[in-house]
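Chains here go by letter, A, B, C and D, matching the order in which they are written, and residues are numbered from 1 within each.
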Amino acid sequence: MENKPISVLLIDCPDEKGLVHKITGVLYHNDFNVIENEEFVDSDLNHFFMRTEFQGEVPKHLLNVLHGILPPEARIDLRSKNKKDIVLLVTKEHHCLGDLLVRHHYNELNARILAVIGNYDHLRALTEKFDIPYHFLSHENRTREEHEGEVLNLTQSYKPDYVVLAKYMRVLSPTFVTAFPQRIINIHHSFLPAFIGANPYKQAFDRGVKIIGATAHFVSEELDQGPIISQDVIRVSHYQSAVEMAKAGRDVEKIVLAQSLKLVFEDRVFVSGNKTVIL
Amino acid sequence: MENKPISVLLIDCPDEKGLVHKITGVLYHNDFNVIENEEFVDSDLNHFFMRTEFQGEVPKHLLNVLHGILPPEARIDLRSKNKKDIVLLVTKEHHCLGDLLVRHHYNELNARILAVIGNYDHLRALTEKFDIPYHFLSHENRTREEHEGEVLNLTQSYKPDYVVLAKYMRVLSPTFVTAFPQRIINIHHSFLPAFIGANPYKQAFDRGVKIIGATAHFVSEELDQGPIISQDVIRVSHYQSAVEMAKAGRDVEKIVLAQSLKLVFEDRVFVSGNKTVIL
Amino acid sequence: MENKPISVLLIDCPDEKGLVHKITGVLYHNDFNVIENEEFVDSDLNHFFMRTEFQGEVPKHLLNVLHGILPPEARIDLRSKNKKDIVLLVTKEHHCLGDLLVRHHYNELNARILAVIGNYDHLRALTEKFDIPYHFLSHENRTREEHEGEVLNLTQSYKPDYVVLAKYMRVLSPTFVTAFPQRIINIHHSFLPAFIGANPYKQAFDRGVKIIGATAHFVSEELDQGPIISQDVIRVSHYQSAVEMAKAGRDVEKIVLAQSLKLVFEDRVFVSGNKTVIL
Amino acid sequence: MENKPISVLLIDCPDEKGLVHKITGVLYHNDFNVIENEEFVDSDLNHFFMRTEFQGEVPKHLLNVLHGILPPEARIDLRSKNKKDIVLLVTKEHHCLGDLLVRHHYNELNARILAVIGNYDHLRALTEKFDIPYHFLSHENRTREEHEGEVLNLTQSYKPDYVVLAKYMRVLSPTFVTAFPQRIINIHHSFLPAFIGANPYKQAFDRGVKIIGATAHFVSEELDQGPIISQDVIRVSHYQSAVEMAKAGRDVEKIVLAQSLKLVFEDRVFVSGNKTVIL
C-alpha cells in the first residue's frame, strides 16, 4: 500500500447544495483511499473549494465523471503528488536562497530547483556549491524591457511549474507576470499592506513600529498587491536601527517564504478573488 | 430564512470508508442548508470526527437515519445552537471573572452565567454589579470533602451545561470531576505541561524562562493533565519580577479562557483520547 | 523605608559625553536610593533620554543642580509616582471601556478615571456600575466644531493628565489635539500603518491578510500618524469573516490599550521625533 | 574614527550605591567614546551587571583603576569586539548546521567556525562545501567515556571560545561540561522546562499542546537545566502529526539557536544564578 502513488484532487466551482455528497460519492464508489479531505465555501463569493489527497491509481475516466456531476464552470485538477519544478530569481541577498538550497539538498522542498537566475553574479558560488546551474543576466547596458525579456526567455526555457522570487529586487512587468499566472511567488520584506515598495525596513524604522514582518504572496500585475499566502512578524524596539531591523527581518523572510512554498507545492493554496484559501 | 433556528450536528465514530458521503447524503436528501461543515480523522486512533452547522428544522427521524448508516459505536449529537448554561467557580482573583461578566453583559459569551460560587467573598460586589447571583461557600472550618460536597451540591442545583473554573484555586476531587465529565473548563496560569501545580509564575521566574503562557483545558481526574483546549504566550525578560510576570500573565489568562469558552460553547471541541480536536 | 514616596526623574537633552556620570553623581551625592535606572541615546537624533526611579524625599534644589550640569535645552521632569488623572472618550463599543473599568476598580490602572464622555449614551450603564460619572454629549444636530468644542470644554474642566480614546470613533481636530500635546492616547483597530482610517477589519478581510493587529499611539494632528506606543497581532485565516476578524481583534485592542497605558502612566514613554523611546 | 577598534567592558559585582557614577567616571575621564551602555541590578541577588561598548584604544591601566573603585568580588572583563572561535558538535540533523554555515560563509555569525565534529559522518558533505574541517568520531564500539574523551580532546585542541551543540544528540558528562563552564550552548527541541529529555515532539503531540517551541541554553551539569538564553514558539494543531510538528519545530530551532549565538557572541549574556541577564 505504501508504494501506491499519492494524488491530489483540486476542485473549485460555484457553490450549490450536495457538492460534497456528490464528489465523495465518486471517490467512494471508485474505492479511493482518502488520506485527507478538506472543503471550504467562500460565502462572499458563493464559491466552493475542495482538496482531497488519496492513495492509489487514478481511473482515466474520473475527470469525466466529475465534470458530469459538477457545475459547468468547475475547475477540476488531478495532480500526482510529485515534486514541482521551480526556477529561482535572485539579486544579491543570500538568506532566502541559502535556506532554500539547504532544504532542497536534503529533499525537504517538495520541488526540484532547476536553476537560479541572478541580475548580479554575487550568488553564483553559493548556488554552485549545491550543484545547481546559476545564470547571471546583468541588467546593465540594457533597457528594462530587454533585460526582462532575457530573464523571461531563460526562465521559460526551463518550463517551471513555479517561479520563486527569492529576494529578486526588480519589479516585473505585466508581460512577465501573465506568462506565469498565479505561479510566481514573492517574499516581500514587510508586513503587507504596510510599507509597500522600496526600503520597507527604513520606512518601518522611521514610523517607529513595534513589530515588523514579512509577507509571501503570488505576484499579480499590481506591485505588492497579489494574494497573500503567508505572513509572520517579530517584535522590534527603539534599540534597533533600521539596519538591525533589516537583519532581524531576514530571519522572518526566509522562514515565511519556505512555509509558503511548502503550502503551494503541496497544492494547498487556492486563489479566491485577491485572497488565498489554504486547505 | 434568517429566522430559522441553527443546529449543530456532532458525529464521532471509528473511521471507515464513505462516512462523509453517507452522512452528507442524509443531509442533502433532507434538503438541509449547510452553513459550515468540517470533518477530521485522527489517524493514530483511526477515529472520525465531524461537525456540521445548518439552518432549518430538524426532522425527528434524522438521528435514527444516521444511526442506521453509521458504525454501532457512533456518538451522534444534535444540538440547537442555543446558549449554554454555566456556573463559574472563583477564589479571589478578579481578572477572568471581570472579563467574562462584561462579555456576558453584552451577550458575547454564547452562555448564560447562572451563578458565581466563591470560596471567598471577595468577588461578590463585582458579580452583583452585573446582577448575577453570588454564593460564598467558605472552606474554613470544614474538611476538604465537606466543602467540596457543598460546592458540588450547589453547582448541580443549577443544572449547568458547563462549569468554568475562573481562577478557582482549589484542586477538585474525582467525585466532583466525574459529576461533569468533559464539562469542567479550567484556566491554568502556565504554559502546560511546564510548571504544573502551585505558583507557576514563581517557578517560571526561578527557571529564568523568556516566555510565559496560559492554558485552558478540560479538567480530568489527574491534576493539570486534562485535554488542552487553547494556549497562548507572551515574552518576558530578566527585567520582570515574579510578581510582574504574574501581572502580565493575567492578561493572557483571561483572553485564553474566553477564547476556549467560545470554542466549547460553539460546540467545536471534541475530546479524542487526552487531546482535543477543534473543528 | 517602604513608606518613603517613590519619585521618577525624567531627563532628555542633546547627547554629550559624560551625561550619565554627571547625573548619577548628583543622585549619588544626594544619597538617593535608586530602584531602577535606564538611559538611551537616539543616535539618529543625537539625543539622550534617561529615566530614574528612586525612593525618598526630593531635595528642593535638585532641579537647579541638574540644570546647572546639563545642556541648556535639557528637559528635566521630576514626578512623584502618583496616579494619573484621566478622562475616557468613548462611542458605542464597550470592550476597551469594560476592561479599563475593571482594572480601575481593582486599583490596577495607575490612574484615576475622573469621567467617561460618550457621543452616544450606550455605555452609561456600564460606566455607572463602577461609580464613574458618565457624560453624554451627542454630536447630532451640531456642527463638528460645536460638538468637539463641548467635548473639549468638558474634558478640560476635569484637568486630566491624559485623555484616553477608548474606541472614540470621531476624528479630533488640531484644536483638540494641541490642547493636550502628547497626552492623548488612542487605540487604533489595525496594525498601523496598514489600514489607516475607517473599517480596518473590512480592509484587512478584503486584502486577505493572515495576521491582524492593534496599535496604541499618541494622537498628533495627522490622522493615525502619531508616535506608536504599543502594538500586538493575532493570526487570522480565510475561515473568518470581516465580522469575526473584528471580534477577534477586539481582544487585541483592549490588551494593547491597557499595556500602553501602563507604560505611559509609569512615566516610561518618551516621544523622540515621531517615535517613542520606552525605558 | 570608524577605524578604531570596538571594545566591550563587562562588569558584575555585588550591588552598592554609586556604582554607575564611579564606573562612568573612569570612562568619562579617560575620554572614551561610549556607543552603548546598559546596566541592571538583580534585586533578588543584590547583584550589579553592566555592559559598555566603546570605540578607541584601551589604556593598559584601566582594569587596575576599575578594580580600585569596585568591590573586591567584582568580575571585570575587557574584550575587544573580535569574532569568537567556535567548534560545532552535531549528530545527523542538518537544519541548524546548514543555517550556521550559510551565516558564517557570509560573515554574519560574529564567529569563526574552526571545525565541526559529528558522531555520525552524515554532515561531512554539507560542512565541506563551506570549506570547514569535519571530524567524524563514531560512538560505536566505544564506551560512553571513551567516546566523550575523544570528542573532548579534539574540541580542546581547537581552543574554542564556545562550543555549540547544533543538534548533538548525546548527553554530556560533568567532565565535559566543566571543561567549558558557561561556554557550551545547546538548542533544545522544546519549550523548556516542558518536555525535558528525549523525543519532545512526540511528548508534545501526545499531550496535545497547541504551541511548541525551542530553547537555547547554556549547558550545565544537570540535563536541560542550564540558564536559558532564548526561546521561541509556534502554533500547532490536531492536524499535525508528531513528525509534522518536528518538521515545523526545526524552523524555530535554527532561528532560536542563531539568535542566542548572536547575543552570546556580542558579549550581551551574563549568567546570574541559573538565569541569564541580557544587556
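Just so it is clear, contacts are C-beta pairs under 8 Å (C-beta built on N, C-alpha and C of every residue); 3 or more make two chains touch, one makes a residue touch a chain.
Just so it is clear, the model here is predicted, and its values are computed rather than measured.
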*Report which of B-D and B-C is connected by more C-beta pairs in contact.*
B-D
*Name whichever of C-D, A-D or A-C reuses the A-B interface, so over half of the contact pairs are the same residue numbers.*
C-D
*asked:* I'd like the Å distance between the centres of chain B and chain C, where a centre is the mean of that chain's Cα atoms.
replied: 35
*List the centre-to-centre spacing of chain B and chain D in whole Å, with centres computed as mean CA coordinates.*
41
*Multi-chain contacts in chain C: which residues touch at least two other chains?*
none
*How about chain A: which of its residues touch chain D in the complex?*
94-95, 98-99, 102, 105-106, 108, 126, 129-130, 247, 251, 255, 258-259
*Which residues of chain C touch chain A in their complex?*
40, 42-44, 191-195, 206-211, 213, 227-228, 230-233, 237-239, 241, 272, 274-278
*In the complex, chain B residues that touch chain A*: 17-18, 20-21, 24-25, 27-28, 31, 33-34, 36-39, 235
